[in-house]
Amino acid sequence: VAGQIQIDRLYTLADFEAAANQQLNFMASEYLKAGIAGEVTLRENRAAFERLRLLPRLFEDVSAIDTRLTLFGREHASPILLAPVGYQKIFHPEGELASVEGGNLSNTTFISATFASFTIEDICLRAKRPAWFQIYVQNDRGFTQELINRGVTSGCEAICITADTPVNGPRERELRAGFHLPPGVERANLRSLGSTLANAPHRNIYTPIRAANVTWKDLEWIRSICKVKLLVKGILNPKDAVRAVECDVDGIIVSNHGGRGLDTVPATIDALPAVAEAVSDRVPILMDSGIRRGTDVYQALANGATAVLIGRPYLHGLAVAGAAGVARVMEILRTELEMTMGLMGRARLSDISTQTGL
Amino acid sequence: VAGQIQIDRLYTLADFEAAANQQLNFMASEYLKAGIAGEVTLRENRAAFERLRLLPRLFEDVSAIDTRLTLFGREHASPILLAPVGYQKIFHPEGELASVEGGNLSNTTFISATFASFTIEDICLRAKRPAWFQIYVQNDRGFTQELINRGVTSGCEAICITADTPVNGPRERELRAGFHLPPGVERANLRSLGSTLANAPHRNIYTPIRAANVTWKDLEWIRSICKVKLLVKGILNPKDAVRAVECDVDGIIVSNHGGRGLDTVPATIDALPAVAEAVSDRVPILMDSGIRRGTDVYQALANGATAVLIGRPYLHGLAVAGAAGVARVMEILRTELEMTMGLMGRARLSDISTQTGL
Amino acid sequence: VAGQIQIDRLYTLADFEAAANQQLNFMASEYLKAGIAGEVTLRENRAAFERLRLLPRLFEDVSAIDTRLTLFGREHASPILLAPVGYQKIFHPEGELASVEGGNLSNTTFISATFASFTIEDICLRAKRPAWFQIYVQNDRGFTQELINRGVTSGCEAICITADTPVNGPRERELRAGFHLPPGVERANLRSLGSTLANAPHRNIYTPIRAANVTWKDLEWIRSICKVKLLVKGILNPKDAVRAVECDVDGIIVSNHGGRGLDTVPATIDALPAVAEAVSDRVPILMDSGIRRGTDVYQALANGATAVLIGRPYLHGLAVAGAAGVARVMEILRTELEMTMGLMGRARLSDISTQTGL
Amino acid sequence: VAGQIQIDRLYTLADFEAAANQQLNFMASEYLKAGIAGEVTLRENRAAFERLRLLPRLFEDVSAIDTRLTLFGREHASPILLAPVGYQKIFHPEGELASVEGGNLSNTTFISATFASFTIEDICLRAKRPAWFQIYVQNDRGFTQELINRGVTSGCEAICITADTPVNGPRERELRAGFHLPPGVERANLRSLGSTLANAPHRNIYTPIRAANVTWKDLEWIRSICKVKLLVKGILNPKDAVRAVECDVDGIIVSNHGGRGLDTVPATIDALPAVAEAVSDRVPILMDSGIRRGTDVYQALANGATAVLIGRPYLHGLAVAGAAGVARVMEILRTELEMTMGLMGRARLSDISTQTGL
């Protein structure tokens, strides 16, 4: 009951972040905060949104604001999805099972991570609407194929190939916090490869970098074996976006891995317009990294995105109140988007024009 | 007497703000400070003025500086009016009655809010010069018409339609301060609708958004029934300004609601030039949001405004010393404008050219 | 002797400022720090210099760096003069007499202020090289003429007409510090007008503004009666610069009164290039406001100035150690200029080209 | 052993800096931190890197990242060399001998300073791969020639002429810390000139500036007598770069002396592109000043550099753990570069294109 009272006084995603940081242990909160290296991109993800300006239109009929989005034929309560994040048991005992339940409650899509602490099968069992499955392409192509098959068999509607981490590197904030997988948290999807990989210690700077030899040919191969929707996640360069479209993907996710990939890459909202221009409406563009406000969601859409993903914010909700916390975070953000649309004079998502800039 | 001494040592509007914050309780001062959401626009309203530069002309005869403005046929001591702000009893027991008295003393126009804590009739009884009446268009058109009629009957010279809040949203700073209407403070103009609406609790994020279906057609209708001057308040977009002029309004108020409407919209001083160019002198343009210095007033005029409104600053004056405080704030700002005009080499308002930029 | 030791450990103008602030009483140090209003221009005067970049040339022969400047036929140790500042007795018992002695020691020109605490006659008696005399044109033209005559008779080589203060305004920092003329400090040059004016209390915001009716015609008249060099001080606008040259002045001083005149005017180093282009070498251009480093002096010269004035920095020297302090400040700045010239590969002032930007 | 543990927890160059500052006495740490004057350029060296953005390419084969560089026919583990810094005994008893050993361990080149605390002969004895020798051209040309001969005889592969300090000036941070050569630290290479010069007290602002008359003719002469590779260090101006190439040098080092030369010159990464365009691949360009991250090294290469030098960072390593500390710093930076290359999709240095910007 105390928790219930508390959640009523969390008015914004920033409030949830503060509450989560109080609740989590140091290692967990540092892991969630961490960006790569000097965290230039992490900060820039927020700063870029704060630099953008909205220019409203008045005297529009906004008596029936509608934030619903149909994506790949399925209705979402809003153009806001739940991004793939690994090891969610670190934040709440129910981990991804609570998050996918939050997605159910919020009428939106949950995207499971390869490094989820529950298997994709267990997660899909809890999903009332099809989840998506994020996959790190493994040097072992057989296992990549196995992962895709397991996702599809479990009912996933889409596969997201994360392309922005061909090499492994440490995040210093994690190193300083002594980050490790706590007892009971494992890479559940990797169990079939043996406990070694499922429970392998976290990477460290002095570990030799194990870099991938994954190329566009692999993406073509994945496309050929993937019978559900296929998206590529982690694109910032318009040339890569065009190439991905030419590989017949169904969607693109503009992302800098929440500032956790390569430092000093642009904020996604700054990278988005050029990608959108290059893609030119051939496939939907999603984006993540830095979304904390309804005005951010609006800006993403006005700059060419069809939808956005949030990551850390829903994990703050998860840490504070499990599935209900996830759902509350989603509702706050959706309501803020609704208010932004009303104040901008656009009652429907399709009224948000990238032609006029806004 | 102690208060009298104190006021003599308040040299700037910032001094009045500090003094008011000492005097007011936390809820009241937070309510007055509050911007919407992340308060990006609230900060930008000030930052934009600090970025602008003035370039003086020397050796002009400034022995007779004249800040007087004739607006809609009526003389004002300066191009500075008193903006509509609701619930003024929160700041001083006499509330709007003291503010309108401050307007009398300062020889300028007071604009009453729909959500004033006194009725428009009571306020107009105290006004030695005609007040203006700000109106939120209600979904109940009959009540809108009633409000207009009451204003005109009471002697108001102009009606200002606030157009920038078609939906209601919360301000987190208010939520955190537990803002509510204190006992004895009500929306006096709404009494005829019953005590429920007059005393309704303050909006909250979890209140379903009640969005307006007010459109340009409504503005045309208001124009047709409004026999006094009609202004639209809250314009930032040049296209809306043109459309409003085509609806035959008598003036436009460029405003972002003091940073309380939609976050991340531009500072008004940044939005003003494009609006002014679009309006092209067909009607007077007023502006508010962020004015704290005589140089700000000058910049507004040099960028196309005929006059400005101040809001928070005169409420600081009200909180500190009632009507006398309001008048002192107005006099400080007027004197600063006078000094700016002298140092710029422009003795009359008409010497402030938007042609040359300054 | 202790003072002597102290001065040896003051390595920069910033060190002198800190030492002076320790030594002076609050009222005096606040008076010296004060800019007008929000002190935007005061800060900008420094920030603008920090934004500018120097691009050196290497392998130039800089074995004989020469900072000497001949101005109006007279050699100066460096292109750095002592700006007019009033009431110097506030900072040191010997006031302007010590400062002019500092000019003697530094082989540079001291410019006396109208509001000096010693008469121009007393000051010129101490000057081993001709001083200049800064004059606020008075509404009483007869007294203006008397001042000019007294300056010329006393041996002044030039008259500087301050043009940027046609109206009087307060500086809030001074008001807050309760600034007033201490006993024994007077406007000595105004004694002939009676003790009232010589000792009049300091201006205050609620004093009605007494604005000047001084115009270009007055400047022409002054030119006609002034048989020594004539400069106009306070120009920021290129049009005013051209007009002044057309009035046959001998020089122009680009200044924003050290940020004490009108707030939000540009930093002088930002205003300088356009003025220099408009003047096009017809008369020497001096500038002040914000010079604290040898690189600043260099930038001023590279942007079109013939020489610079310093104000506050030499008063810090005066406060710390009288004439010796003034001389030390001048020597530090001259040495820093020498080092800058050496590192830039320009051994002579004439090598500093405005053609190449640097 | 305790030290060994400590070094394992230093994950970045910033960690080494903090650890070194704990270990060093105040005078030594201040000496190492010091930039010239207001330290504008010192700060800008970092700020400029943080402003730059990287734009990755995905799905490239990065399974075999190779950071090796062949420079002047010799393989380096990475394009990162050890910059010349004097008086290294201040930071560690073994001084330059430990640093050159760090170079051996890291398979990179150590550049000895003229003002090393060991002789070039002693240093070269410890070098397992040829060192380079940085030389301040002395007004005594005979001694310059002697230094070059000693370097070449000792086995140096290249001579670097530092060109950006034709005059001597103080750094205030050093003056305030009372910087002096501690007992046992001398300019070992200057012993042949007598102990006076080898142990001369540190320069001071009140020392008359002793400026060099070294010109391009001297560089031509040095070229004629120098039978090994010849580089000029300290170039920021593209015109100087072209002139140096015309003097037949073998390489250019873009540098602002780590912010210790002339204040307000550009960050080297900002100066680099114009120099690279002017040089147009005729000779390799090296750069230093501000490199702290693998992304910085990458940006330097993407903006036209063939390699970079680091200075302060390896001295932090030296202070913390001698040769092992130097090697660790080098390995961290090399690994960060490796990760950057992987995440950028460039497996070889030659894939880093200045044509595409990145």
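Chains here go by letter, A, B, C and D, matching the order in which they are written, and residues are numbered from 1 within each.
Criterion: a residue touches a chain if its C-beta (ideal position, glycine included) is under 8 Å from a C-beta of that chain, and two chains touch if they have at least 3 such contacts.
Fair warning: this is a prediction, and the values are worked out from it, not measured in the lab.
Peer 1: Which neighbours do chain A and chain B have in common?
Peer 2: Joint contacts: the list comes back empty.
Peer 1: Could the interface between the copies chain C and chain D be described as same, meaning over half of its residue numbers are common to both, or is it different?
Peer 2: Mostly different residues.
Peer 1: At what distance in angstrom does the C-alpha mean of chain D lie from that of chain B?
Peer 2: 60
Peer 1: Taking each chain's centre as the mean position of its Cα atoms, how many Å separate chain B from chain C?
Peer 2: The answer is 42 Å.
Peer 1: In chain C, which residues are in touch with two or more of the other chains?
Peer 2: none
Peer 1: Chain adjacency by touch: line, ring, star, complete or other shape?
Peer 2: It is a ring, because the chains touch in a row that closes back on itself.
Peer 1: Across the complex, what residues on chain B touch chain C?
Peer 2: 11-12, 15, 49-50, 52-65, 293-295, 299, 332, 335-336, 338-340, 342-345
Peer 1: Quick one: in the complex, what on chain B touches chain A?
Peer 2: Spelled out, the residues of chain B in touch with chain A are 37-38, 40, 139, 163-167, 169-170, 172, 175-176, 205-206, 209, 211-216, 218-219, 232, 234-237, 239-240, 243, 261-266, 271.
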